[in-house]
Amino acid sequence: CNNHGTSEKITIATAANMRYAIEDLVKAFTKETGIQCDLVISSSGTLTAQIKEGAPYDVFISADTKYPNDIFKSGLAKNPPKIYAYGKLVLWTMTENIVPSISILNDDSIDHIAIANPKIAPYGKAAISVLNHYKLLDKIEGKLVYGESISQTNQFILSASAELGFTSLSVVLAPELKEKGTWIELENHLYKPIAQSVVQIAHEKVNANSSKKFYDFLFSKKAKEILKNFGYSVDE
Amino acid sequence: MIDWSPLLLTFELAAVTTIILLVISIPLSAWLANSKSRLKPVIETLVSMPLVLPPTVLGFYFLMAFSPNNAFGEWINEWLGIKLVFSFPGLVVASVLYSLPFMVHPIQCGLSGLPISIKEAAYVMGKSKLTTLFRVQLPNIKPALLTGIVLSFAHTVGEFGVVLMIGGNIPGKTKVASIAIYDEVEALNYGTANVYSMILFAITFCILLAVYLVNGKHLKKLGR
Amino acid sequence: MIVLNIDKKLLAADGEMNLGLNLTLEKGQLITLYGESGAGKTSTLRLLSGLMRPDHGKIIVNGKTWFDSDKKIYLPPQKRNIGFVFQDYALFPNMTVLENLEFALGKGQDKKNVSDLIEIIELGTLQHRKPETLSGGQKQRVALARALAERPDILLLDEPLAALDAKIRLKLQDYIQRTHREFGLTTILISHDIGEIIKLSDHVIFLEKGNIIRQGNPDELFINSNISGKFKFTGEILKIEQQEIVYIATVLIQNSVVKVIVQDSEVQDLHVGNKVVVATKAFNPILYKIEG
Amino acid sequence: MIDWSPLLLTFELAAVTTIILLVISIPLSAWLANSKSRLKPVIETLVSMPLVLPPTVLGFYFLMAFSPNNAFGEWINEWLGIKLVFSFPGLVVASVLYSLPFMVHPIQCGLSGLPISIKEAAYVMGKSKLTTLFRVQLPNIKPALLTGIVLSFAHTVGEFGVVLMIGGNIPGKTKVASIAIYDEVEALNYGTANVYSMILFAITFCILLAVYLVNGKHLKKLGR
Amino acid sequence: MIVLNIDKKLLAADGEMNLGLNLTLEKGQLITLYGESGAGKTSTLRLLSGLMRPDHGKIIVNGKTWFDSDKKIYLPPQKRNIGFVFQDYALFPNMTVLENLEFALGKGQDKKNVSDLIEIIELGTLQHRKPETLSGGQKQRVALARALAERPDILLLDEPLAALDAKIRLKLQDYIQRTHREFGLTTILISHDIGEIIKLSDHVIFLEKGNIIRQGNPDELFINSNISGKFKFTGEILKIEQQEIVYIATVLIQNSVVKVIVQDSEVQDLHVGNKVVVATKAFNPILYKIEG
């Protein structure tokens, strides 16, 4: 967010996996409209629970469709969830002498493979599909370590505690991390598309006008460009 | 580049929580130390129970309880005009409940370790239980009070799960240092996270060290 | 007047012991409780002060009911205007000697009491010290002064002088006696020292295994025959030597030693360590002034 | 459908951690209670410091330190053959460090509250410091030991951030109840989360209640 | 033989006080430390037992150096075979009476010692009780027995009998004496009771403000110095009345009041409140035994 001399301000609740892209998005949005934004970054589950108990968030940008759907069903969203981008899965390593590939996962030199918890994180679910596709899951299940969110999975990989790990393309493309480690992108057809959606929250104090502006901005050309830069695919 | 407001908020929260905990725990501990009631072990156990739930989950239950959608939250909101979710008072209430055992147990343990005759001597002098507690018993269990204060304070500084859930991470209002650090670590900005951690660490270290030094001098004066 | 009529079950050396007290104590008297270790002396003081609750019975002090099991009256210790010197002193470790005494003052009482007391117990130079660094005897003096500071109606002393040397002991005996008289206190003392008891007390109560087995004035109780003649002292036999047909007993009285001739017939009954009364009928004393 | 293994793992972790903490804290507290060293206040402060960092962040630092890429982690791995990341021993080490103040401070406070003459009487009898500590001092500070045990145990049961970070949430190996509950809450399966919470709560409640009841009876026997 | 030659700065009533001891004590003797409250008696025992460290000097016991500030020798209390009865008893609250005694036994020592001791201190029925519920005197007896249980070479007694009644006191005096002799102990006792001191001790040391002002055998110190074949007491003048040409002074001695004729020439110097010595040359005292 930045100071633009206007009193208008919205709070955007964002899932952890969008944390890199959202900063650029918000910058562009504020530049365009002068509306300031506060960012609250947390897990989708937490944000959902908080919104249901009246958290003062205006827009909820989730990492999948399940949580926005839940909010919509509870009557707290202005409209049904709308997909703004699709995430992509990568296999990433920090260890110098490892070249990431599916085949290496079964190698004895690999002790731990980090994935996000498939129960709650869409990237984890996608990683499991990939492993299933290669019929690897049974063989390497003992090597899997689970991060509670994509961020935590990243920490397992970055600290090299896990030699390899599945994460989102947006992470490895983030400016801070571009030079770190090596990664390969996994083919799209190996997992169900990771559809990320957004809802506009409906509560009394909501800044309807401004939040609508942001909501619309997310589907603008400018926003799509930013999202693409961060490795998301968008409907065009 | 450092945003100081989370740090300020943290120490404000820790200080307020510790003070409130002292106020609540002193009568509660005194009751526990004296009581022969059958309820006593039950209360002793209950005091520790908030600890056994993961903080975020505890925070989730607090969120449910404090929410204005709920009878209790609504009641607080209407009668006291305090909104407990996503507000500083809410953080305080949650932290107090969560850190209660760290204050209550040491004080109770200190009080029950004092020789009974000291208390009795004050009673016979006509001093009320309250006067005796504040002028005689508490001043003689300073190490126990200190333990309670240090544990509660440090625990509140590092508290994170409960605060995140109930506070909602709103900058300047409920975004305390622990959450800020967590955020930076999550964002893989280890540099900033380290700086925050070091500052938090250094300030807390100085506060606690000062407390222990003063305490040590005090005891030395006593000729111990 | 103090009327005590109470029962209390205690856990004594040989199983349960019933402490049964049925006593009437006159106001203004100095009463001594005497008896073996474990007889229930300390417990009696605790029952009277309200620190221990009788199983049943009544305590009435100067017409006011302090305890009545039938009427369910139980005045808490705070409401009983009592001074208590504990066997373990029970000084407040967080307060200096002076603060210990000042804390004991009631509302609106004069701080001058305290400075007088400090002088009398000769702890002036110690007044800003914490109890922890005091010697046993110093502590005991502070405890006594503290109990007197609150100007109680009833003063309970649980062996207040046990740890003191003879000099300060005599001084404090005098002070107890003087305060007792000046303030019209009713004082109950526990003491094992017969000389002290005879010197100080108006009335002695013998306790044995929780029961009062005898009571009366100390002369009656401790001295077999009623001694005529005015001049008498209690002392202790240090030595008995035979010299031809008579025996010479060396007796310690206060700090002086007296040699007394004892007849053959009397000597059977006397042993080293026995407490005795030395009396005389014919006596021509001379006075020497003590300088200083 | 309840999976019991996280619950078992939790109580195993809490029990092992508490026992190790007792073993470490007793000599440390005894040293702190006796020492007149200038280092004492510094050590006292350091013991509390792990508390002031948010657990996940602390866990992250542990992860870095324990990682086999790191000198320390490698050393442990090579010399002791123990891998501390993503393993039960790692959870134990992290929990021990994190809960250290809850054990050390109460015990220290209890020891320094005992009359000095009791210790001296044992020394004069020719008893070594160790014998005196175990036969005389510790048995006389049971309430303080209890406080330490209860706080450490409960805190480890509810621990979540550190354990999550260092453990990697591996079912049957490092997936403890607190993480399982958190998962269910995150997955919006509030029903299952409630059931888990209730079970965790009920079991811990029974354990602590039993401890306090036994302790209460014990004190009553003493005639207190 | 115990050679003590040490200095230790103490925080006394009136600022710093130097406890300076230069003593040679013979093996097997029973030595009493006597002196006012705060004179340094307890500190002396603590220095000897190793619980307090002298500032400088030497302690040599039976040829073995226990402390030497020059050679930097400091034998810890554990290595000094000493029995100590503390002024505050210091019983272990977690152990029963029996366990307290058994804990004191050295390795391989016979448990029979303990049962003998329990019988002697008459606490048989109390042996399974915890110290907390014992009376003050009962505690003191346990403390004494515990110190004897370890069969020390040197026994240090800090007012071991202060809280006891006369009967048990006499009994324990005998027991201390007997053990002292039987086991060839060297015993150092702190006591304020002159009778007790004369009865028990071979050697008395007078301490005043940290210094030894006198020492010798108790008869020398307490008897010869005080006695001059005469009978004399200190007292206080209560009243002086004129009766014709003589004056009659009423003097309070202990609890008795004596009337003494005073000559005109003497009366100038005497005033109410003066301390005086009352003495006599012709005196035929009679002894009466006190029961109790």
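Order of writing sets the labels: A, B, C, D and E. Residues in every chain begin at 1.
Rule of thumb we're sticking to: a contact is a pair of C-beta atoms (placed from the backbone, for glycine too) under 8 Å apart; a residue touches a chain by one contact, two chains touch by 3 or more.
Treat the numbers as computed from the prediction; the structure is a model and nothing was measured.
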Both-way neighbours, i.e. chains that touch chain C and touch chain A: B
Shortest path length from chain C to chain D (each step joins two touching chains): 2
Chain of greatest Cα-centre distance to chain E: A
Whole-Å separation of chain centres (CA-atom averages), chain B against chain E: 52
Averaged-CA centre spacing for the pair chain B and chain A, given as whole angstrom: 35
For chain A paired with chain E, centre-to-centre distance based on mean C-alpha positions, whole Å: 84
Touching two or more other chains - residues of chain A: 46, 49, 152, 155
For chain C, residues that touch 2 or more chains besides their own: 11, 88, 133
Shared interface positions of chain D, touching two or more other chains: 56, 60, 179, 182, 185, 223
All pairs of touching chains, each written as two labels joined by a dash: A-B, A-D, B-C, B-D, C-E, D-E
Parts of chain A lying in touch with chain B, wherever the complex brings them together: 11, 16, 19-20, 38, 40-42, 46, 49-50, 53-57, 149, 151-152, 154-155, 158, 171, 174, 176-177
Partner chain C, residues of chain E touching it in the complex: 11, 13-15, 34-38, 41-42, 87-88, 123, 125-126, 129, 133-138, 140-141, 158-159, 162-170, 173, 192, 194-195, 198-199, 222-223, 226-227, 231-234, 249, 251, 253-258, 260, 262, 266, 269-270, 274-292
Contacting residues of chain D [partner chain E, same complex]: 115, 117-118, 120-128, 135-136, 139-140, 222-224
Touch list for chain E against partner chain D, complex: 49-51, 76-84, 86, 88, 90-95, 103-104, 106, 130, 132-133, 146, 150
Chain B residues within the chain A interface of the complex: 56, 60, 63-64, 66-69, 85-86, 164-165, 168-171, 183, 185-189
